[in-house]
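Labels run A, B, C, D and E following the written order; every chain starts at residue 1.
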Amino acid sequence: MVPGQYYLVLSAAVFCIGIFGLLTRKNALLFLMSVELMLNAANINLVAFSYYWGNVTGQTFGLFTMALAAAEVAVGIGIILVLYRNFDGVDVTKATTMRW
Amino acid sequence: MTPLQTAPVWTAAAPAIILAATALLLLTIDTIDPDTTNNGLLATTATLGSLAAGGVAARFLMAGTGMESTGGAISLYGDALIVDGMSLFFTLIFTSVAAMVSVASYDYLADEQYQGEFYSLVLLAATGMTLMAMSNSLATVFVSLELASLPSYALVAFLKKNRGSVEAGLKYFLIGALSSAVFAFGISLVYAVTGSLVLPDIAAGLSGADELVGVLGLGVLMIAGGFAFKTASVPFHFWAPEAYEGAPAPISAFLSSASKAAGFAVAFRVFTVAFPLGTISSLGPGGIDWSLLFAILAVVTMTLGNFAAATQENVKRMLAYSSIGHAGYALIGLAAITVDGGAANGNVLGASMAHLLVYGFMNTGAFLFIAMVEKWGIGRTFEDYNGIASKAPIAATAMTVFMFSLAGLPPFGGFVSKYALFYSAIESGFWWLAAVGAMNSALSLFYYSRVVKAMWIEEPAKSLEIGSQPVGLYGAVVFAAVGTVLLLPGFQPVIETAQTVAAALF
Amino acid sequence: MVYETIAFALFALITVGCSLGVVLVRDIWHSALLLGGALLSVAVHYVMLQAEFLAAMQILVYVGGVLILITFAVMLTRIDPEVSST
Amino acid sequence: MIIEALIAVTFLAALVTFVVPDRYAGKAAFALSLVPVLGSLYMWQQYDASGNALLGGSAAFETDIVWLQLGQYDLHWLVGVDGISMPLIVLTTILTTLAIVSAWTPITERQSQFFGLMLFMEANLLGVFTALDFFVWFVFWEAVLVPMYFLIGVWGGPRRKYAAIKFFVYTNIASLVMFIGFISLVFGLGDSISSLRLPEIAQALQAGQLGGFAGLSAGALASVAFIAMFFGFAVKVPVAPLHTWLPDAHVEAPTPVSVMLAGVLLKMGTYALLRFNFTMLPETARSFALPIALLAVASVIYGALLALAQQDLKRIVAYSSVSSMGYVILGLIAYTTYGVGGATFQMVAHGLISGLMFMAVGVIYNTTHTRMVTDMSGVADRMPVTAGIFVAGAFGYMGLPLMAGFAAEFFIFKGAFESTVMEAMPLFTAAAMFGIVIVAGYLLFAMQRTLFGPFEFDGDYEITEAPFHDVAPLAVLLLLTIVLGVSPDIFFTMIQDAVNPILELGGAF
Amino acid sequence: MAGILEFAPAIVLLPFLSFLIALGAGRYMPKGGALAGIGATAGSFVLAVATFFAVSGGQTYNQTIYTWAEGLDAVNLTFGLLIDPLSAMMLVIVTLIAFLVHVFSLGYMNDEGETGLPRYYAALGLFSASMLGFVVSDNLLMAFMFFELVGLCSYLLIGFWFRQDGPPSAAKKAFLVTRFGDYFFLIGVVAVFATFGSAAFAGPDAFPVLAEEALHGEHSVNTFLGMGEEAWFTVVGLLVLGGVVGKSAQFPLHTWLPDAMEGPTPVSALIHAATMVAAGVYLVARMYGFYALTPTTLAIIALIGGFTALFAATMGVVKKEIKQVLAYSTISQYGYMMLGLGAGGYVAATFHLMTHAFFKALLFLGAGSVIIAMHHNENMWDMGGLKDKMPVTYYAFLSGSLALAGIVPFAGFWSKDEVLYETLIHGLGGSPILLAAYAMGLLAVFFTGFYTFRMVFLTFHGEPRTETARNPHGVRWNVKAPLAVLGVLAATAGFVNMVPVEKLLGIKGIDFLHQFLDGSFSSLNAHHYAEILPYSSSYIGGEATTVAIGAGVSLGLALAGAALAYVLYNVPEPVEHTEKLGSIKTVLYNNYYQDEYQVWIATSVVQPISRVLDKFDQGIVDGVVNGISSVSLFAGSRMKRIQTGVVSNYAALLTLGLTALLLGLGLIGGWFA
């Protein structure tokens, strides 16, 4: 049995990669993908510890997360499309009409 | 255990159910007549639905449903949801804000498309908030939080031809997505340590977490981050100025009042129930002192919000920052909780809740006034507001009430609620927190009074014309103003209820 | 025991590698593709953790749903391959 | 219930005035404001209190209802009147009525709002002077600022916006500091009190119930709270160097508003100082006698010297108010019957006289449209009656015997000189008294240059005698000043009755 | 005359009534309210005379009639009347002069067609009332209050012609300078209250009595600032003296008085003879029982008096305007009174106060008559030869001048001589300071004789030097009658107290004033004062010899001065001889630069200070206030820059914030252990 800490490390790594992508890329879609990665990191934890704790709570929650991630992506893509229409692109740093 | 003598247990969730049902009803109406230009029906339905839910919540509160007097909290669906005084109290906030927003939107949306969707999204978000207040498990917390958030993203970007609205929606969404990821990860870490998602069980599982206090701490911090996003607190506040500024004004009102309150509702419950300070701060070498965390956040949030608001040129954006500042005040409710606080903990938490209720009125009113100004097409900066009072004295009077109340001046509700909050903080020994809060209040007076100054004192521009007298907006604004004023003499029941229900959490 | 660990290490590597790829490669198409890889390898972890149902859902919902949505969005929003991503 | 009725009637009058058409608003406000005048006179006639309301004396017309139960300390609706507040109530109602009449000429737009706000302010002022629960008092105290903010900001002069904001923010910050100071005192009292009623707090403090709070010992807490409260009230008074909002506010405010500002609003500060700092913390006050006396003297001399440098008649009177209020502080710290009583008397006297001076300046301004000393001379030639009253008022301000100002100042000087709070009080008194020379200097200079000499005026306006309704309030105020100066006992006995219990606390006898 | 003293308040109230009548109804009355004033002052005069005789008959009156401020657990502040010989005498003087001035004003103001007469007569009435109130005051506070009212009235009257530039300025100066003195007086009043708990002049609580007892250790009083009783009494005495110096125009606060000539001449007469200026000296006499206790104070009073007498007299010798000469003579003469009081000559000073009132009123009214005649030209160099044109005025004026110069047997001689005599004997008795003061007073006699007759000769003798002087405007009975009355008084008033005659010829009982002032309250009579005075007397040869020497010397000096004036100016075409004085001339013309330095203090010290303070206030004090708000706003404008508008930055900051919190909390909580 793989120790729980390994999974913690794995999920942390994935989470950090997600954050990294989110911080370094300007493309809104990549932003979305990075968030997906982060959510997956959470899911890894949940499933792993569901296994260790021997209850299905984590797995169930993992399902919720997935569903919500999907919904989020749907809403997000909607917003990204209007962004595309209004700002002629999907570069998140372009939308800066409001600041300070 | 029954809320009303004869009703089944699930009826305790009636407010949420009514809201959800109204949302569905609205969708149905929209489906039947998708091209309607008369949105009176939709607005009325939404308003009535909100009011009904609020009425039920108020009725429950008065009957003592879910409170100790009638046998304690009612838990539903395997402890996933819980109905107690606090959830009902917050439901009252959400529904009254939703009602005001619905009434105001009648005029605001007069020329827009997709009105049916708009109202149903509002009510769905309200449902999500109600559920947030009722959540008793991190799973439901997460789901309801998303249920409240997702419609909000769409609502903020509702004016899809408007670059500001779209930009606001995008930023809100992106930060929101990031925050929910952080939040989810935090939950997963807490689950990893405690093996449960139901709040009381988490508390029970904390005892064995001595080894993994770092992981647990990170989880708690990330969960706090999720709430910070919802409540627009530092450092998750970045979306707020833009979202509030860019969104349709009624939505700004909705988000800055109800959504923020929802964030606090769930934060209060999660931190007091799942992470009782007494247990969690004695874990490992130094424990997890979330009271300190919130104290820092409170100070930074209120200071940043107020200072940034002080130099704004755009009234709506100023209000947005002021709303951040107010999040800082409300955070005192969590920050001033102490291990051996006893009754003082309930008092300060209750005071924070009461402040959120008053804030619901005054802040919603203020944003709805902005909505009215947008409707008039006057402009958004302070200068554009010059001389409004000469054309619309009633609305300007109401706005004045909101501004002074937000600043915490007597004789308005905001004064007494701030007083109660700071007072309770001092009672808990956090006099320095109260002092910082008070100092910030003093600063806030400067920028709030600028609005008043512009409206009443400055000469109106020659071109200042006020076309219409939007009935719905006027109604909502005046209602909010009357509420704000009446909450000064009528503060007693509010604070009493709030502190009673807050005390039940400990 | 050892096999499990080796398998974990292998798929962990794939997961991390694909994830890194997602955020590092220039072309958004490749990113999307690599995201699919990462998600699939996560599904493998689920299987190893005896969460087969969740693994299936992962594949269905993520790879089948989310990824396709993203692909659509990439197609819809693509103006010019050179500037679409940096 | 008469206090409630008085406040309610005044609020109602404000509401009615708000909706009256502009043309009739002034007259309506005047007619309506007579009701509180009569009410306050009736109260005065029925007045039957004895002793200090905070120190176990009986307050007249007392009402005590629980309003809000919040935490450990209940908030009560507690109002009542004693010998300190009764004169101020009469002053408030009378001065408001006169200020309303004096506003008929200068206020030419948005009249119903103006007069409505005046009455609204009066209602809150009455609340301030009658409230005996801290919370109720504070609500009224702050609520006074709001109408004042508008009155300056909307109807004021060219820099009115700056002045209004400055006044508003400055005084509010001060209130806040004071609030914190007082509340920390309340927490220091802990369980020994159960409400924020001032009598209860004052008596608990006298009984030595003050404990530590926020890491401070009882003594340190008393000092800190005293300083915070003193700061808060000193801004309102204003005591130099916290006075800079005042000249701006006065100069920009329209005359009737200046009248109210100088006549009543400044008294809120000294009234509060007396009620809070000097009644509740007498030992602390005594231990701070030196700095307070220094501040008082500094206010008197500094304010007077500043007045000497001004060219604007209103600024002159404004700075002289700083000077006059310095006397009040000196009287308060004296802790003698004549000192504290005289200080209270000075609140009324200065209310009348400064009101008179501002009104007189205003009447001249109404005609000449300038207040600059350099812009005119020999005005007395064209406006003999106004000039005559101006001269009389100026002499009243200088402390001419048999006018209220002299009585007040003499009481204060006498009380301060024989004070036992510290050895050097006679020296401080003598130093402060030099103010009476400087005040004569700047007022005489100003009068010589504006009123007397050959008539000269550059403006386009025709200078003629002011209309009757402009002069009448001046005459009434002058008359009141003389009546009070000839017979100070009208108020002074009552005041002493309420003041003496304070002195007994600190062992002044 | 029993019970006449009960009517004493009416003496004060009648002129006050005339004030109200003139103010309220003056414009509807004939003569602009003058008749009310004349009637009132006449009534007061009659009552005063009656009072005088009642007091001569041994009656006195000392009663509180009104409680001004009742002190609960503290002293009451009251108004009351004190009628004793001193005040009775003063009442007669004041009411008489006031009456005559009112009558004279008919000629000076009404006949000259002045406007604003109701105002004039109202102020005149109030002036008389205030002075009378001051005279009858039974305590120091009341005295102070009326003292101030006197100041107000002088302001109103000096500034009567407010449409010109000069009078308002002079009025302001008069009030301001005397106010400066009154400042000290007020401190003194307060100090008296604080020390004795009472400020009564007479009765069991009289503060002079209490002070006396305190010095004898029979009574304890509060002293302040750690001073002993005598030192403290000296301080208090000097403080009150401040008011005296201001009002009685003693050096260095005399500068207002010459300027006050800007007022109407009858007012000058009133101010100089009987009301305002007299008030100061009267006050010292009133509370002489207190001053007599402290030798330092007495010495200072004497020195101030002697110096002022000489100082003002020297300035009088070069003046061109007739009223200016009189103004300086007033200062000088009040110097004598102060000298007398300081030297222990209570009766002498009071005597001089009385005689001076008559002859100075006379001189001013005479000057007023001349001024009417000269069409309001006051320059003596434009006059000349008037004695033939206006004989009544001339002879009256001459009578006054002889009195002023101190030529026997006119009134001034007797009183001045007694002042000098008292100074001399007490000085010889071991007070060298008094000898110095005596020397100054003696020297001043010479100058007095000189300037007085310079004035007379320039005005009335010689040839008319201008057209107006050749054809002067005539004056009516209302001018002449007062002159005649006063002319007689100036010649004869001295006979009430012919001490030298008594001493030299040994005729007992002709020192009526001494006897008069020895009566009544035991603590207020001259006898008592003589007992407590710290002086002893010594004589050159015998008493009679000393008297003779003193009188001879002073008479000789006065005659010498007069003779010099005769030589220089009683010629058909007099010229100014001031060139002979060289640079002293400039100094004298400029009044020893007294005005200059006071104006300099006002304009070059106080005003710049106030301007600097104003800058300081606007710049620093207000700057701090505004600075705080600016700093806050600046901080705000910096702080909001965090919100860059770029969502990626938000994400970065968010992450950073979270990390910082993690590190912070983690370090505190020891999560990384």
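Here are some notes:
Here is the rule we go by: a residue touches a chain if its C-beta (ideal position, glycine included) is under 8 Å from a C-beta of that chain, and two chains touch if they have at least 3 such contacts.
Chain identities (UniProt): A = NADH dehydrogenase subunit K; B = NADH dehydrogenase, subunit N (Ubiquinone); C = NADH dehydrogenase subunit J; D = NADH dehydrogenase, subunit M (Ubiquinone); E = NADH dehydrogenase, subunit L (Ubiquinone).
Worth saying up front: this structure is predicted, and the values here are computed from it rather than measured.
Under the contact definition stated at the top, the chains bordering both chain B and chain C are A.
Path length between chain A and chain E in the touching-chain graph (shortest route): 1.
When chain centres are taken as C-alpha averages, the shortest distance to the whole-protein C-alpha average belongs to D. Chain centres here are C-alpha means, and the one lying farthest from chain E is C. With B-D and D-E as the two chain pairs, more C-beta contacts join D-E. Rounded to whole angstrom, the centroid-to-centroid distance between chain D and chain E, based on C-alpha atoms, equals 37 Å. Distance from the chain A centre to the chain C centre is 11 Å, each centre being the mean of its Cα atoms. Chain B and chain E have centres, each the mean of its CA atoms, that are 78 Å apart. Residues of chain C in contact with at least two other chains: none.
Counting partners per residue, chain D has 169 as the residues that reach two or more other chains.
Shared interface positions of chain E, i.e. residues touching 2 or more other chains, are given as 629, 640, 643, 645, 647, 651. Applying the touch criterion to all chain pairs gives A-B, A-C, A-E, B-D, B-E, D-E. Within the complex formed with chain A, the residues of chain B that make contact are 138-139, 142-143, 146, 150, 153-154, 157, 160-161, 163-164, 166-171, 173-174, 177-178, 180-182, 184-185, 187-189, 191-192, 195-197, 215, 241-242, 245-246, 317.
In the complex of the two chains, the chain D residues touching chain E come out as 166, 169-170, 240-241, 243-245, 302, 305-306, 308-310, 336-338, 378, 380-381, 391, 395, 398, 400-402, 406-407, 410-411, 413-414, 417-418, 423-424, 426-427, 429-430, 433-434, 436-437, 440-441, 444-445, 447-448, 451-455, 486-489, 492-493, 496-497, 500, 509.
Put simply, chain E touches chain D in their complex at residues 67-74, 141, 144-146, 148-149, 152, 156, 159, 162-165, 167-169, 171-172, 175-176, 179-180, 183, 186-187, 189-191, 193-194, 222, 224-226, 602, 606-607, 609-611, 613-614, 617-618, 621-622, 625, 629. Taken in their complex, chain C has these residues touching chain A: 1, 4-5, 8, 12, 15-16, 19-20, 22-23, 28, 31-32, 35, 38-39, 42, 45-46, 48-51, 53-54, 57-58, 61-62, 65-66, 69-70, 72-74, 76-77, 79, 83-86. If you check the complex, the residues on chain A that touch chain C are 1-2, 6-7, 10, 13-14, 17-18, 20-21, 24-27, 29-30, 32-34, 36-37, 40, 43-44, 47-48, 50-51, 59, 62-63, 66-67, 69-70, 73-74, 77, 80-81, 84, 88-90.
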